[in-house]
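Read through the structures below before going on.
Below are two complexes that have chain A in common, paired first with chain B and then with chain C.
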Partner chain A sequence: MKELFPAKQVMGFVFSLILTVIALLVYYTDMSFAVGMTILLVTAFIQAFLQLVVFMHAGESKEGTAIYTNILYGVIIAVVTVFGSLLILIWDM
Partner chain B sequence: MEFFQRFAIPHPSPAIYASMVAIALVSIAIVVGLTYFKKWGYLWHEWFTTVDHKKIGIMYLISALLMLFRGGADAIMMRAQLATPEAKLLDAQHYNEIFTTHGVVMILFMAMPFIFAFMNLIVPLQIGARDVAFPRLNALSFWLFFAGAMLFNISFVIGGSPDAGWTSYFPLAGNDFSTSVGTNYYMLAIQISGIGSLMTGINFCTTILKMRAPGMTLMKMPMFTWSAFIANIIVVFAFPVLTVALLMGTADRLFGANFFTTANGGMDMLWANFFWVWGHPEVYILILPAFGLYSEIISTFSGRNLYGYKSMVWSMVLISLLSFLVWTHHFFTMGQGALTNSIFSITTMAIAVPTGVKIFNWLFTMWKGKIRFTVPMLYSIGFIPLFTIGGVTGVMLAMSAADYQYHNTMFLVAHFHNTIIPGVVFAMLAGLTYYWPKFFGFILNEKIGKLTFWLLTVGFVLAFFPMYITGLDGQARRMYTYSEATGFGPLNMVSFVGAALMAIGFVTIVYNIYYSFKNSPRNIGSDPWDARSLEWATHTPVPEYNFARVPQISSSQTFWDSKKNGHALFKGEIEDIHMPNKSGVPFVMGIIFFIVGFSFVFALWVPAVIALIGVFVCMTLRSFEQDHGYHIHVKEIKETEAKYGEVLNSEDRPRTTTRV
Partner chain C sequence: MKIDHAQPLEYSTDQNQLNILGFWIFLGAEIMLFATLFTAYFTLSHRTGSGPTPAEIFEITPVLIETFVLLTSSFTIGLGIHAMRLGRKNAMVSFFAITLLLGLVFLGVEVFEFMHYYHVGATYQTSAFTAALMTTLGTHGGHVTLGLFWGTFIIIQVIKRGLTPQTANKAFIFSLYWHFLDVVWIFIFSFIYLKGMM
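Let's turn to the complex of A and B:
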């Protein structure tokens, strides 16, 4: 019976609910923009990773490495694009 | 009547009216001709509904050639206008429209379909697959591209062409400064064909990762397949940026959004930023498959395997990453600080390193090789020095401080034509000549081909090298005329002569196809060039299932091994082959997308909404469709194979190699 119980998924579900609640608190409590934004960004990235690993089963098939390489490549390009744009248009303009 | 006034041309001229009449007459002639010769059924069953990668590739090829002539006509008009000071051939507005459409047509509707044509034709054959991973999606990609291309091309007779440059910078491209529907055409047409490109990217990444023949590890893939793979990865990562930017631009123009305006918190520079986040990787999407074609051709006609296979692969991987790190070099003068410009200067110069590695690898492939000077090889040999000059001027432009001098001058125009024409256009023509026999069963005439090559090369040098000089002297790009006192006149006349030679060169290609169709011998066997990679290991023309038996791979030039080193390419018995069914849905969706695009351009919301619903209906129907494909049975395969009258085997393959 123990093997049949999807402990990982249930834990993941509970954890994703907790993350959502934390993110919601930013709206309901009074805090500075910087703090609120930091909380939102951190919870968002953990949430996305959680969904990918637990519910979208990244890494469970034999193409696991390919999937993570792909995600890493995507993240690098996204980060470069976002921070590059910020550098060009705001920080160094 | 008032309703129809929106379709009128804002800046009419006799030339445009003449084109309208010509388009109408040609369309009528095509319809009448097809009906008279009873070809509608043939067209529908063999081409419009096909999901065969070879036929889709040929349709891409024909579209690309058509667009080459459309863009070429624009080019020759521009050069004619600039040939003499203060010429009156075109006015400022028409000149703006022509350089805009020239850029868009050449990059997005000529070069892109050309590389997609070669990917479609070659990649499944090179990896020993029956088709691409998602054949119907592939057809949809083509029809979306075609719908986008046609939407863009009707702009100059209905409603007016876009006139804000192929980069379409805001605020110029906003409603305040671009009042005609031209820029709407730009946004919608590129959006539609861009969705097609993105699907092609996903399709080919999957195909190359999942459908390689047994034994073909990643590092045993032929070089063209590698280049197509890397290019498609860039497509998948770069095109979404364009999609979003175009969506925001469309929202600005049609729905009064303020993403790129100069008021209400909008930022016009953001468009330039987004455009080049996509735009710079885009040039590598074009050049990498071209590099792949050159690799195949140089190794075949040097009679040697490709020098430095691994370094070729790694340099392409590095180029793909670096291509995302350099976009700011397109707008060094926009106003950002020295720090930013320095960072992007360095990343830009860094790209010269992997590119240089590739140049040396090609040179070393030819080193001590037994070179056959065929037409494809001539293009490849011409490419190396000419492209290197373009690369060197690129490094000049990469120095951000010096760029203030070059920016927006003809120097830049000379530079990027110097990389794109010998880099991409020569590769496409080399590939066209090289792969022509595989798909059409005869070789293009070598004599006329060589004439074409020399006309294009001499024409290219005459047309673009003078621009380096006038550019450094301060001739601005995109200016429709100049005064005699500037002294730009004589060099611009030389450019015009060069452009005219190139135009003649392109006409000789058409003549060559006609001449060779009439006169070339048809008994050329399946391997006319004595080539090395897998696409030559099947019959000519290629049967619909590509390979009767799945090939067994030993190295990156497994076909050469089977010819010279006794590698057994095909083993085992012929079995039933599973093939995808034809479908008319992609064609219908292409038409629906065309209607969506056209309705959005003119803000006709009722047809736009109805057509968009049509798109979702097509997608829903597909979701509920049970389509398991069909099987070609052993008996049928054996009959087809027997018809070719040659046995494809490692020992006794036909030796009808044409030595040119």
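Let's turn to the complex of A and C:
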């Protein structure tokens, strides 16, 4: 039975639970919007990275570099789309 | 077909490796799809018109259930792939079945959540905010729904054909899809719900 629960994945799961609880602090405690958003940005991106490496085995095949490059490209386009739009339409810069 | 026994089954042929790489490229496109939905949500979430604001309609309890259920399902499908690599077919099928059940619970709670929105007067046509919200949540929920069907067929195939390079490859690719949906949910949870309730 024990061999079905590898330490790496159990640790990954526990760590993602901890990150979720930390993110929940922004709801259950009083903090400024800026501090809250900083916490959320940090916990969300760490958790996404955790999923990628621990659960999705992104780096373990010989295509690891191509996979990471592709995902990084997707993330860059995503970040530019989101923040570029916010910059022009919401923050009025 | 050349089978490389030094690799796990799902990577054991050239075709399998290409399938996995191809699916990662698809996931890259999915990242961009959800980025456009998040963009629409972030730019429109203040346009509530005469309808409710995010803080007025979001409730923490269903969101908490959805989050922990999906997080756990991502863990159990990871265990399913681990069991598959050990050649433990029954354990793998059990973990996949648990994953799909958790997915079903997630969807059930999400349906309940949408009914709640309807009852408090937030429908698709109420405001730019509710339209962007429901398009984003709905696209994610639609992916989960598709995943439930896809995962069911994968389980049936593994039971009928056993663990072969083909079925292992399909199961692994499905696990990538499921983990990806969890990643998207982490961002929905953080930047739609928690941000809206802060």
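Throughout what follows, the second predicted complex is superposed on the first by the 85 of 93 C-alpha atoms of A that agree within 3 Å, B and C clash if a C-alpha of one lies under 4 Å from a C-alpha of the other, contacts with A are read in each partner's own complex, and residues count from 1 in each chain.
In this text, a contact is a pair of C-beta atoms (placed from the backbone, for glycine too) under 8 Å apart; a residue touches a chain by one contact, two chains touch by 3 or more.
All figures in this text were calculated on a predicted structure; none of them were measured in a lab.
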* To do: Please tell me, clash or fit, for chain B and chain C sharing chain A in the overlay.
  => clash
* Partner chain(s) touched by A:75 [first = chain B, second = chain C, both, neither] -> second
* Check whether A:18 is in contact with chain B, with chain C, with both or with neither, and answer first, second, both or neither. => neither
* Asked: What is the contact status of A:5 with respect to chain B (first) and chain C (second): first, second, both, or neither?
  -> second
* To do: Mind telling me which of the two, chain B or chain C, contacts the most residues of chain A?
  => C
* Applying the touch criterion given at the start, work out whether A:55 contacts chain B, chain C, both or neither, answering first, second, both or neither. => second
* Looking at the overlay, what does A:44 touch: chain B (first), chain C (second), both, or neither? -> second
* Asked: Looking at the overlay, what does A:92 touch: chain B (first), chain C (second), both, or neither?
  -> first
* Name the residues of chain A shared by its contacts with chain B and its contacts with chain C. => 66, 73-74, 77, 81, 85, 89
* Structure fact -> In the complex, chain B touches chain A at residues 209, 233, 237, 241, 267, 269-270, 273, 277, 321, 324-325, 327-328, 334-337, 339-340, 343
* Flag every residue of chain A that touches chain C in the complex, lowest number first. => 3-6, 9, 12-13, 16-17, 20, 23-24, 26-27, 31, 33, 36-37, 40-41, 43-44, 47-48, 51-52, 54-58, 61-63, 66-67, 70-71, 73-75, 77-79, 81-82, 85-86, 89-90
* Structure fact -> Seen from chain A, its contact residues with chain B in the complex are 66, 73-74, 76-77, 80-81, 84-85, 87-89, 92-93
* Could you pull out which chain C residues touch chain A in their complex? => 11, 17, 20-21, 24-25, 27-32, 34-36, 38-39, 42-43, 46, 60, 64, 67-68, 71-72, 74-75, 77-79, 81-83, 86, 88, 91, 175-176, 179-180, 182-183, 186-187, 189-191, 194-195, 197-198
